[in-house]
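Labels run A, B, C and D following the written order; every chain starts at residue 1.
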Amino acid sequence: MDFAYSPKVQELRERVTAFMDTYVYPAEAVFERQVAEGDRWQPTAIMEELKAKAKAEGLWNLFLPESDYGAGLTNMEYAPLAEIMGRSLMGSEPFNCSAPDTGNMETLVRYATEAQKKQWLEPLLSGEIRSAFAMTEPGVASSDATNMEARAVREGDEWVINGRKWWTSGACDPRCKIMIFMGLTNPDGPRHQQHSMILVPTDTPGVKILRPLPVFGYDDAPHGHAEVVFENVRVPYENVLLGEGRGFEIAQGRLGPGRIHHCMRSIGMAERALELMCKRAASRTAFGKPLARLGGNIDHIANSRIEINQARLLTLNAAYMMDTVGNKIAQSEIAQIKVVAPNVALSVIDRAIQIHGGAGVSNDTPLAYFYAMQRTLRLADGPDEVHRAAIGKYEIGKYVPREAMKASR
Amino acid sequence: MDFAYSPKVQELRERVTAFMDTYVYPAEAVFERQVAEGDRWQPTAIMEELKAKAKAEGLWNLFLPESDYGAGLTNMEYAPLAEIMGRSLMGSEPFNCSAPDTGNMETLVRYATEAQKKQWLEPLLSGEIRSAFAMTEPGVASSDATNMEARAVREGDEWVINGRKWWTSGACDPRCKIMIFMGLTNPDGPRHQQHSMILVPTDTPGVKILRPLPVFGYDDAPHGHAEVVFENVRVPYENVLLGEGRGFEIAQGRLGPGRIHHCMRSIGMAERALELMCKRAASRTAFGKPLARLGGNIDHIANSRIEINQARLLTLNAAYMMDTVGNKIAQSEIAQIKVVAPNVALSVIDRAIQIHGGAGVSNDTPLAYFYAMQRTLRLADGPDEVHRAAIGKYEIGKYVPREAMKASR
Amino acid sequence: MDFAYSPKVQELRERVTAFMDTYVYPAEAVFERQVAEGDRWQPTAIMEELKAKAKAEGLWNLFLPESDYGAGLTNMEYAPLAEIMGRSLMGSEPFNCSAPDTGNMETLVRYATEAQKKQWLEPLLSGEIRSAFAMTEPGVASSDATNMEARAVREGDEWVINGRKWWTSGACDPRCKIMIFMGLTNPDGPRHQQHSMILVPTDTPGVKILRPLPVFGYDDAPHGHAEVVFENVRVPYENVLLGEGRGFEIAQGRLGPGRIHHCMRSIGMAERALELMCKRAASRTAFGKPLARLGGNIDHIANSRIEINQARLLTLNAAYMMDTVGNKIAQSEIAQIKVVAPNVALSVIDRAIQIHGGAGVSNDTPLAYFYAMQRTLRLADGPDEVHRAAIGKYEIGKYVPREAMKASR
Amino acid sequence: MDFAYSPKVQELRERVTAFMDTYVYPAEAVFERQVAEGDRWQPTAIMEELKAKAKAEGLWNLFLPESDYGAGLTNMEYAPLAEIMGRSLMGSEPFNCSAPDTGNMETLVRYATEAQKKQWLEPLLSGEIRSAFAMTEPGVASSDATNMEARAVREGDEWVINGRKWWTSGACDPRCKIMIFMGLTNPDGPRHQQHSMILVPTDTPGVKILRPLPVFGYDDAPHGHAEVVFENVRVPYENVLLGEGRGFEIAQGRLGPGRIHHCMRSIGMAERALELMCKRAASRTAFGKPLARLGGNIDHIANSRIEINQARLLTLNAAYMMDTVGNKIAQSEIAQIKVVAPNVALSVIDRAIQIHGGAGVSNDTPLAYFYAMQRTLRLADGPDEVHRAAIGKYEIGKYVPREAMKASR
C-alpha cells in the first residue's frame, strides 16, 4: 500500500492550486457582482476569462479519461484535482470540468456517432457550449429511477417526446445547447430496459424551460436548475444513444466517475469551510479568549479534520477500485462515498457557520451557499436512503444469497 | 400536575387555528407572489388584509401580558398560540405578534415615557408602524454581548451615536419607523453597566440602511435583516430607556418572553414540517411501496414526534416557571429551550426535506425557507454554545460554589 | 397547565428522598459486600433490614393504584417517587416496588381468584416472597411477541407446560415462589388471542432454572435473569389468568404502568449519573484547571440536564394521560417514553463514565452497572425499533387511514 | 497511490485468518470454560496450546519491527494482521502479540541493557513470561499525564519506589514477571522531564497487587487490570530505562505503534460484530420478515460498513505515515485514529447488540464483552478529549502560530 500521490498528480495538484489561488478565489466576488448587476441568466465575462486562462495553461478537460480527447487521467489521478476545484463554487467551470457537462461528454465519447460528436462533443470540449441532463421528474419519487414517466415514442424515423422534467441543471444558461433526455421508450421491457437516452437540442420546438428552481433561496444563476416541459418534441431516431432500452446501462457507466467527482468536490468544499473555521476561531475573541479556546470549539475543529480525512480516503479508495477492478465490483464503495461525502461536508460547513455567527448564514462567507449546494447532493443521483439500502444488502449478501432474502419478503 | 390546556387557552387555540386555516395558509402563495412581482421592499397588500381581519376578530396583540394595552395572557397561555402562528412564516404578523415588534412593544410599555408611548407604542400596537432592534455588530463576536462597540456619547441634551450594526431585522421595511439602539455609553462602568438602550427614529439623519443581509439566499423581504450605519446620529437625551448603563437590565427582561415566543414558533414550524413529512411519506411511492414503508423513514417520523413533544413540554414548563417563580430562577430552563427548540426544528425540517427530495430544497414547499430561518435561531440572541455554557455552570453550581470554579481558572 | 407537584406528592418525595439519603445510599457498599462474600444467590441481610425500615415508615407498596391493597397513588403521583428510588440499583426493593413484582402484583390484584390472592398476592405484598414473569424466549425474535412458542396444553383439569424461556428476571432468587408463565395455548386463534398467562409455582416439578444470564458481565445476584426450562410442568387449569387466549390483553394492561415505572427509574439513574459527573468535573484537575473548564465538558453537562428534563416531562405527561384518558389513547406517548428514557439515561451515564476515566468503567462508581442495566431496557418489553415503528404509524395515521397504508404493502 | 495489500501481507493475512478459523474461534468457548471452572487467576491450558501452535507455524512476534528479534514488518504491514487477531478477545496472545507485552518488548529492545534483555526480553519473546506497564494512578486525572505522583527516589545505587497505580493490565496473571513502572523522579525538571521508566520485577518486596479492577462486570481473568501499591520497593539504579527524566520520551516512542495495534484490533472487533449482525439480521424473523427487512436495520448495517471502512483506511494511512515520515509528523493522524477506532467499534457493536436482543447483552455472543473492552479504549492512553484537543490545536496551527494562541490565553 502506498498512500502518497504520484509525482504526476502532485505536480498537477500544485498547478491547479496555484491557478485557484491566483485567479479563481479573487474572481469569486467579481462573479457574484457580475451576476447580480446584469441579467443574471447570461454568462459572465469573468468566467470566460478564467476559462481562457486555464485552457492556455493546459488545465483543461482534466476529467476525461481513456480517450483521444482528454487528459487521460485515471479516476484516482483526477480525484485530487476535483477536490481542489471544488473548494470554490466557481471552481470547476474554468477548467471545463463541471457537471453535468463532464458526464455528458463522457457519454458522448462512448456512445455518440461521429456526426453527433462533431456537432456536440467538440464544442463542449472546447468550452463553447454547455449541456444538460434531463432525468428527474416532479411527479414521481426519483429515488426509484424506474418510476420515470416522460415518454419518447417512435414515429417513423423520429422520436416524439412528451413529459416533464426538473432539476435539469444548467438548462437555464443560454450556452446550454444540448440535452440528454432520459425517458420511457419501451414500457413493456424488463424493468431496467424500458428507458432510453436521447439527444435533444435545447432549441428544438416544444422544449420549454419553465423556471429555475431555487435551492434554499439560491437560483445558482446563470447555471440554474430548470423545470422543463417537453411537448411533442421531435428529434431524429438516431439521436438515441447506444440503443433503445439501454438508458440504465449508460446511466450505470456515467454514475461511477460522476460520484467520484462530486464527492471530491464536496471534500474540497469541506476543506475550505474548515480553513475558514480555523481562521475565525483563532482571530475572533469573546470573553477575553479566541473562540478556539472556548467550550467545545476545538472539538468541532478536530472532528471536522477527522471526518474529512476519512471521507477523502474512502473516496480515493473507491476511485482506486474503479480503476483497478471496475465499477461493478466497486459498487458498494461507490455507494458509500455517495452517502459519506455530502454528509461530512454538511457537518463541517454547519460547524463553520456556527463559529461565524451571523456572517455564516449570510453571503459574506461562501458557507451558506456551500451548505445549500451540498444539501442537494444528499438527494441528487439517489437519496442517501437508496444508497444505504444498497450497501446494506450487499453486506448481507456476503453471508446469505440475495434470493433467500427476497424469497422471505 | 395538570398537563391540559385551560378552557380559555383551548378556545383561543381553536380560534387562532381556524384563522390560520381560513386565511393564513391560503395567503402564503399570494404573499410570495406579491413580494416577487412588485418592489420586494414594500409591504404587501395581502398582509394588510390579514391584519385587518385578525384585528376585527380580536386576535390582536395576544402576546402582551400584564398591561393596559394587551390581551393579558401569561407566558404559559400565550405560548400555545405562538406555536400555531409559527406554523407559517407569515403567521405572526397578521396577529401583530411578530418579532422584533413584540419585544420592542414590551420594552416601551415598561420603560417609555408617556410621550414616547404616544408617539411609538400606540402606532405599533395598532399595527400602523413597525420597529427594529439594533444590537448585533459585524465587527465583534456577539456571543459576548459586552463586546458591543457602537458608541452613544452625550453632548448637552443629546446623544451622538456612531457605529455599525447588522441583523437589525425589519429595518428594510419602510413601515419601520423606530429603532431601539443598544450601544456603549458608559465605557468605564462595570462590565454589564456600560451599555444603554436608546430610541432612534429610523428617519433621523445619519441612519443609513446599507443592505439587507440574505439568509441562505433568502432576503426575507419586505422585512429584511439590515446592516445599518449610524453616523453622528443625534437624538434627545431622554430617548435613553430606563437610564444610562441599564441596557443589559432591559435586555434580560425582554429576553425571557422573547425566547418563549421564538421557541414556540420553532415548534410550530417543526409540527408543520412533520405534517408535510407524514403526508408525503404516505402518498409517494417507490419500489412499489409508500415511502413510509421503506427503510428507516418511519423511524424518522417517530423521532420527530418524540423530539417535538419533548421540546414543547420543556418550553411550556419554562413559561410556567417564568410566570410563577420569575425569569431569574428560570434562567437555566430558558437557556435550555433556546438550545433545544431550533435544533429540534432543524432536525425535523431536515428529515422532511429529505423525504420530499428535490421539492424539499426548492420553494415548492416551505421547508427550505423554514430551515434557513431556524438556522439563524441557533445564532440569534446568543449562539447555542453560550447557552450551554450557562446551563452547565448552573448545574455545577448546585454542588460547588461558582467562586470556587472561577478561582481555579 | 400546572407543572408543580401536588403537596401530597411533594411530601412523599421528601420522605422517600430522606429514606434514600439515610438508609439506601449508605447500604450500597454493604449490599455489594454481602453479595460478594457469601453465596451470591441468597438474599442479603441488609436488604431485609431496609425493607423492614421502609415498611415501618409506611413507604411500602407505593406503586399500587386503585385497589384495597395499595397506596392509591395515580401513575402521575407515583412516577416522581419511582424516579427517586431509581437513583440506586438497590432502591426499589426496600419499598417493595421492584420489577417484576410490581407488574405481577397488579396482575394478581386484577385477575387472580381469591384463593390465588391469598396464596400469592398477600405474601408478595408483605415482601415475604418474590415472583417472576416468564415471557421472552431464546429461540425466537421477541420483538414480535406473537412469536412465542412455549406451549401449555390442557389435559383434563390441568395445564401441561413445555418450553424454554429466558430473561425471567428474579427467578434465581430463592425467595421467588411464583412465576407468571405466558405461552401458546390456542394456536388456532386470531394472532393476539393465542397466548395465555398461567400461574406456575417455582417449585413445581419440571421447572428448571438453568442459569443466570449475565448482563455485560454482571449477574445481578441474588436477583438474576434466568434461563428456565419447563418440562411437562403440570398446574391446575384454574391457574390461567382472566381466561384462555387473553394473555396479550393482560400484557397490554400491565405494560403501561410498568413503562412509567421503568422510565422514571431510568431518569433517576440519569440524575444520579449527572450529579456524579458534576462533582467529578468540579473536583478533578488536569492541565491546571478543573475538568469542568476543559473542552466540551460543560456542554456534556448541559446536554445531560436538557435531555433529562425533557425525558422527565415526557414521562410525566404520559402518566398524566394514562390517568386521565387511559392507556389506549396514550399508546403513542407510552411508546415514546419507552424509547426516550433508557436512551437518555445511557447518554448521560456514558458521559459520566468518560469524565470519571477508569473509575467510570470499574465498580468504584455505580456507573458501569447503571449502563449495563439501562442497556437492557432498550431491549426489554420490545426493542426501540418496535416502539418507533408504532409511534411512526400512529403519526401517519393522523393523515391517512391505516388500512390505506396496509393495502399498499 | 496503491490501496492494495502487498503479496507478502496478503499471504500473512491468509495464514493468520486460517489460524483464527481453525484454532482460535473454536477455542473461545473452551477458554471461557477453563477460566470459569478452575482458579480464574491461573493461565489456561488452551491458551498455551494455541501459543505452541502459532509459534510452530511461524506466526509469532509479528508485531516487532526493525530489530534482530522480530518479524521485521513495518507498521503498515503488521496492521492488517492485528486487525484479524483483534476479531477475538483471545486473538493476540496466541501470536505473542498482545498488549501490554508488545509495547514493553519494543521498549526493552530499544532501551534495555544486554543483561536486562537477557533476563526479561528473551522470555517475553519466547512467550514464557508476561509483563505489565504501571502508569495510570487512581488519585489524579490521567488525561494529564504530568499529574503522575508515584515517586521513585534514588538512594545510593537503588531506586526506592512508593505510590499507587491502577489499570496495570496483566499484573494479576502469575506469569507477569516484570513491570515497567513510570513515576516521578525529577520533580524539579521541566514539565515533561520529571518522570522516568524503571524496571520492577513483580516479585520485588513491597509490590502489592491489591485487586483486579472489573470493566463493566468483566474481570478479564486471568489477565486482569490491577490496582498495585508500591511500598518502599527497591530496585537497582540501572533499572531506569534510557535515563532519568526521559519517561515521556520513551512513552512517545511506544505510543505510536501501540495505537496502530489497538486501533486495528478495534476494527477487527467491529468487523466481527458486523458479521454477527448481518447473520442475525438475515436469519431471525419477526412480523413475517427477516430482521434485515425491517425498519432501519439495513441502514445500521450500511452505516457500520461505512464507518469501519473509513476507520481502517485512516489507521492504515497513519501507519503509512509513521513508516515513511515518522511519528512526529504523523502526530495528528495518530491522535485521529485513537479517537475514531474505539468509537466506531462501539457504534457497530452496539448496533449488533441491539439486533441480537437479549443474547447481545449476555455472554452468549462476544458482543457485550467486546463493548466493555472497547469502552475502556476511549479512556486508556488518554481520553478522546485530550486527543481531540491535540488534533484541533494542530489544525489551527496551520494558520496561526501556536504561541499566538497561548499568549491570548
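Please note the rule applied: a contact is a pair of C-beta atoms (placed from the backbone, for glycine too) under 8 Å apart; a residue touches a chain by one contact, two chains touch by 3 or more.
Since the model is a prediction, treat every value here as computed from it, not as a measurement.
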item: Chains touching both chain C and chain D; value: A, B
item: Per Cα centroids, the chain farthest from chain C; value: A
item: Result of counting contacting C-beta pairs for A-B and B-D, higher pair; value: A-B
item: Geometric centre distance via CA averages, chain C-chain B, whole Å; value: 42
item: Intercentroid distance (Cα basis), chain D paired with chain B, Å; value: 52
item: Inter-chain centre distance, chain A versus chain B - centres from mean C-alpha coordinates, in Å; value: 37
item: Junction residues of chain A - those touching two or more other chains; value: 285, 295-299, 385, 388-389
item: Touching residues (chain side chain D, partner chain A) in the complex; value: 1-6, 76, 274-275, 278-279, 281-283, 285, 289-290, 292-293, 297-303, 305-306, 309-311, 313-314, 316-317, 320-321, 324, 332-333, 336, 339-340, 385, 387-393, 395-396, 398-400, 404-405, 408-409
item: Contacting residues of chain B [partner chain D, same complex]; value: 295-296, 298-299
item: Chain A contact footprint on chain B (complex, rising order); value: 136, 138, 140-144, 147, 166-167, 213-219, 284-287, 291, 294-297, 353-354, 357-364, 368-369, 371-372, 375-376, 378-380, 383-385, 388-389
